[in-house]
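Below are structures written as structure tokens.
Same chain, two partners: subunit A is paired with subunit B first, then with subunit C.
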Partner chain A sequence: MPVIDITQLSYCYRENNPPVLQDVSLQIYSGQFVGIAGANNSGKSTLCYAMSGVVPHLFHGKFSGNVKINGISTLEHTVSDISNQVGLVLQKPDNQISGMRFTVFEEVALGLENRGFERETIRKRVSEMLNLMELSSHAERSPFHLSGGQQQRLALASVLAVDPPVLILDEPTTFLDPSGAFHLFSILQKLQKEGKTIIITEQRTDLLAAFTERVIVLQEGRVRKDGSPQNVLTTPDIETAGIGRTRYTKTAELAKKNSLWQTDHALPATLNETIAGLRIRKNTDDYKN
Partner chain B sequence: MTIRIKNISFSYPDGSRALHNLSLTIETGECVAITGHNGSGKTTLVKHLNGLLKPDNGDVLVNDSNTKACKTGQLARQVALLFQNPDDQICKQTVRDEIAFGPKNLGFEKDKINLLVEVSLALFDLVQYKNHNPHDLGYSERKRTAMASIVAMDSPVLIFDEPTAGLDHLEIELLLKVFEKLQRENKTIIVISHDVDFIAENMDRTITLANGEKIFDGPVRNLFQDDSLLARCGLLAPQMVQLSKSCKLPSAALSPQEFISLVQD
Partner chain C sequence: MLFIDRPGWLHKLHPFTKLVLLLLSAALAYLTGLSIGSLSLLLAACLLLIISGGIFSVSAKMVIRIFLPLILFMVPIHGLLNPANTTEIFSFHGIVFYREGLFFALKTLMQLGVVISASLAFVFTTHPADLITAVSHASGSISIGYLLGFPLLLLESMRERVVTIQNAQRARGLEIDGNIFRRFTSLGPLLFPLLIGSIVGIEQRSIALEVRGFKIHGPKTSLRLVPDSLLQKLSRRLMLTLAVILPMLHFFR
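On to the complex of A and B.
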């Protein structure tokens, strides 16, 4: 049984507005690391909201179709029930930080307190999360005095603290520097190996190609492609859907035109796939002549 | 329009040191990236170029005028600055009025304002939104509105703080076309960015800051080939530099085209 099972989902925020999602059907299975790509306004955030119950419970638009989490329809759950199953990390961390707590430690503890965990359990769990997100040295600071990258990791720590089996992250790297973005994806990969299901929307295709196992392309609210990163991210028509192919793919295309590509290799999306397919000298000394 | 920064230092009122003894010169028509960790002083530095901040020590000369002796309004005519977050900038009720706000404040004639606004709307693909309230639009439309407002001021120097953050592929292509136009007009373009692949392909020179000090100033290729420097400023090598290194090329390529020409016989 899929963890998330969406059938014929259509949604618009206001009656008579154009639909933001149209006839979306897809299944996500336990332990998958799934990337969702698409232009701005293609429906990525709304899909994240639908998979976490925010749509239709907190936005009252026109909803049709069905979204099931572990077999139960989101319409039959409350958002707080769903949040035990699915943790959602928003694009802008300052929209997520509660503003009800004075320190980073207290912010991470909030979800556990609301669920009635014992004091010692909370203390231990919060410390683990701060450690994982490399925020331990900031535990006593105000959440609002952290940098954008630190706030993003705090939002993730707060969501992870309640240990939902599914994590959904909406463009979490927008405000991170490159090493921060890479670090975040590395943490997500580690969580996936521990059994979590990870769903992430992201503009940077090099990160999607390097870390995810499946990429879904949204265009004007519809699923246009769904497959392995290498298959999906190398097709030229994703560029018209607002998704930039990696420089590796572009290099291989040029290499192909110049007979520098091994014909039995598919177009690459990652560094390693590119190195494997190039027909060039791969030794510095070869270039000295 | 030369910008000369001579030994400037700046601390915020809470005492935190943001810039320390920093000097640099930017000439007319240059295309310069400013890179560095979050909190390294990048935004503080560019706020000195249009007089939003004045240095505690040292001087900033814009076209030989010291910013300490200039009003911010005078400097805005020379140096236009895009904030990272469009919501820090947008203040009008329609996209059109927002874009007209800058040129109006600079005292341009009505015909010139209309022309600048129409051109900027078209450049950033905003014509269909011109009568919308910017606050009703999505993030990328608000960001494009903010960028169009800067371009409409027709200043010789334009500064963009993280212009590609939150934009999709097609919107970045649009931004590149605007940059090409600005370069043809010999404008100076200064970009604060973490987007290493964008910088590698589109910028000539980069200035790198760490803890308020300049740690690098030179061709982008030299920065991206230097692993220890990249680590100091929280950057990773661009995709093409990583590929060049993995293939053990004697020098790093900055674009796919350059890579192919380097590996061809």
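On to the complex of A and C.
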């Protein structure tokens, strides 16, 4: 059974506006690391909201279709109830600070307090999360005094503290530098290995190619492509969906034009695939010589 | 945040105990018709509270900052111009200074002194998080605690956002320094981005709160422990009763 099952989902924020999502059907399985790509206004954020119950509960637009989390429809439960199953991390780090707690430690504890956990359990769990996100040295600082990257890790720690099996992140690297973005993806990969299902919307295709196992491309609210990063991100027509191909794909394509890449070998999306492809080419040349 | 983190008996008191003490001080100062002599005793008690609470130096600075301009204005104005003035204390080149005005100014300053010193004792020794926790516990509603705490916390973030907007507007050539007129005309370009940014932020913050289980049903716990005792609970009831009864006795006498 899929952990997230979306059937013919369509949504528009206002009655007479064009739909943001149109007839989307998707199944996401437990333990998958899924990337969602698409240009601005392609419906990525709305899809994240739909998978976490924010749509239609907090935005009262026109909703049709069905979204089920572990077999339970999001229409039948509140966002707070769904948050036990799905953790949602948003784009802007400072807007995710609750504004209810004075220290980083207390901020992470908020979700656990709301669920009635014992004080000792809260302390233990929060310390674990701060260690995981490398925020332990900031535990007593005000959340508002952290940098953007630290605030984003704090938001992730706050969501993770509740231990939801599914994590949805809506463009969490927008305000991060390249190393911060890479660090965040490394943490997510670690969480996936521990059994979590990760769904992330992201514009940087090189990160999607390097870390995810499945990429879904949205265009004008519809699923345009769905498959492995190598299959999806190397096809030239994804550029019409407003997504740039990775530098490795472009380099290999140029190499192919200059007879430096095996014509029958698939184009790469990652550095490792590029090296493997160049190695095949070199071995063929060595054999010929 | 005005809270000063140091060990002291006032710091250990429950926030509600200090709040009720503040309420009682205000009721005694303003609603019981105390004479200047009794008011000075009450003021001395507040001073003792501040000294024993270990917040004298910081409170003294604040009191001087508030009271010096008030003394400089109120004493001469009332001493010279109060309508009840009849008894002359001294005169200087035809300018007469009266006893009634002087006493009125002193009484008003003392009443204000009692309320301000009790308020300072409260704000300097109560962590806002303790107050929010206590309010949430007492009301059984996390929303009321949020309403109380959010403005306190947001103030700091707003201040930082104002500096960012100021710098951005300066970089675009907007003159935000100089005379009052220039500052006033530059308010619009500063306030609108702040207001719009805050409104946009509210939507995302409400989503962030929901996904943390803000409205989840069932019992809630608190990481922060705000100790209370039977003695404090009884003291609060006694002080509240006094704060109601003493003004009523004065009123009906």
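In the analysis below, the second predicted complex is superposed on the first by the 277 of 289 C-alpha atoms of A that agree within 3 Å, B and C clash if a C-alpha of one lies under 4 Å from a C-alpha of the other, contacts with A are read in each partner's own complex, and residues count from 1 in each chain.
Everything that follows uses one rule, which is that a contact is a pair of C-beta atoms (placed from the backbone, for glycine too) under 8 Å apart; a residue touches a chain by one contact, two chains touch by 3 or more.
What you are looking at is a predicted structure, and each value in this text was computed from that prediction instead of being measured.
*Asks:* Counting only touches as set out at the top, which of subunit B and subunit C does A:S64 meet: first, second, both, neither?
*Replies:* A:S64: touches no partner chain.
*Asks:* First (subunit B), second (subunit C), both or neither: which does A:S142 touch?
*Replies:* The answer is second: A:S142 touches subunit C but not subunit B.
*Asks:* Quick check for you: in the superposed arrangement, does A:S80 touch first (subunit B), second (subunit C), both or neither?
*Replies:* A:S80 sits against subunit C, while subunit B stays out of touch.
*Asks:* Check the residue A:S186 against both partner chains and state whether it touches subunit B (first), subunit C (second), both, or neither.
*Replies:* It touches nothing on subunit B or subunit C.
*Asks:* Return first, second, both or neither, reflecting whether A:D177 touches subunit B, subunit C, both chains, or no partner chain.
*Replies:* Touch status of A:D177: first partner only.
*Asks:* Looking at A:N17, would you say it contacts subunit B, subunit C, both, or neither? Reply first, second, both or neither.
*Replies:* neither
*Asks:* Just checking: does A:N131 make contact with subunit B only, subunit C only, both, or neither of them? Give me first, second, both or neither.
*Replies:* A:N131 contacts neither subunit B nor subunit C.
*Asks:* Which partner does A:N258 reach: the first (subunit B), the second (subunit C), both, or neither?
*Replies:* In the superposition, A:N258 touches subunit B alone.
*Asks:* For subunit A, give the residues common to its interface with subunit B and its interface with subunit C.
*Replies:* Looking at subunit A, the two contact sets are disjoint.
*Asks:* Quick check on the complex: what are the subunit B residues that touch subunit A?
*Replies:* It is residues 37-39, 138-140, 165-172, 194, 196-197, 231, 234-236, 238-240, 242-243, 246-250, 255-257, 259-260, 263-264 of subunit B that touch subunit A.
*Asks:* Within their complex, state which residues of subunit A touch subunit C.
*Replies:* Interface residues on subunit A, with respect to subunit C: 49, 52, 54, 57-58, 78-81, 83-84, 86-88, 90-92, 94-102, 105-106, 109-119, 122-123, 126, 142, 144, 155, 158-159, 162.
*Asks:* Within the complex, which stretch of subunit A touches subunit B?
*Replies:* Touch list, subunit A to subunit B: 38-41, 147-149, 171, 174-180, 182, 203, 206, 239, 242-244, 246-248, 250-251, 253-255, 258, 260, 271, 274-275, 278, 280-284, 287-288.
*Asks:* For subunit C, which residues count as touching subunit A in their complex?
*Replies:* So the residues of subunit C touching subunit A come out as 1, 127-129, 132, 142, 145-146, 149-150, 153-154, 156-157, 160, 201, 204-216, 218-225.
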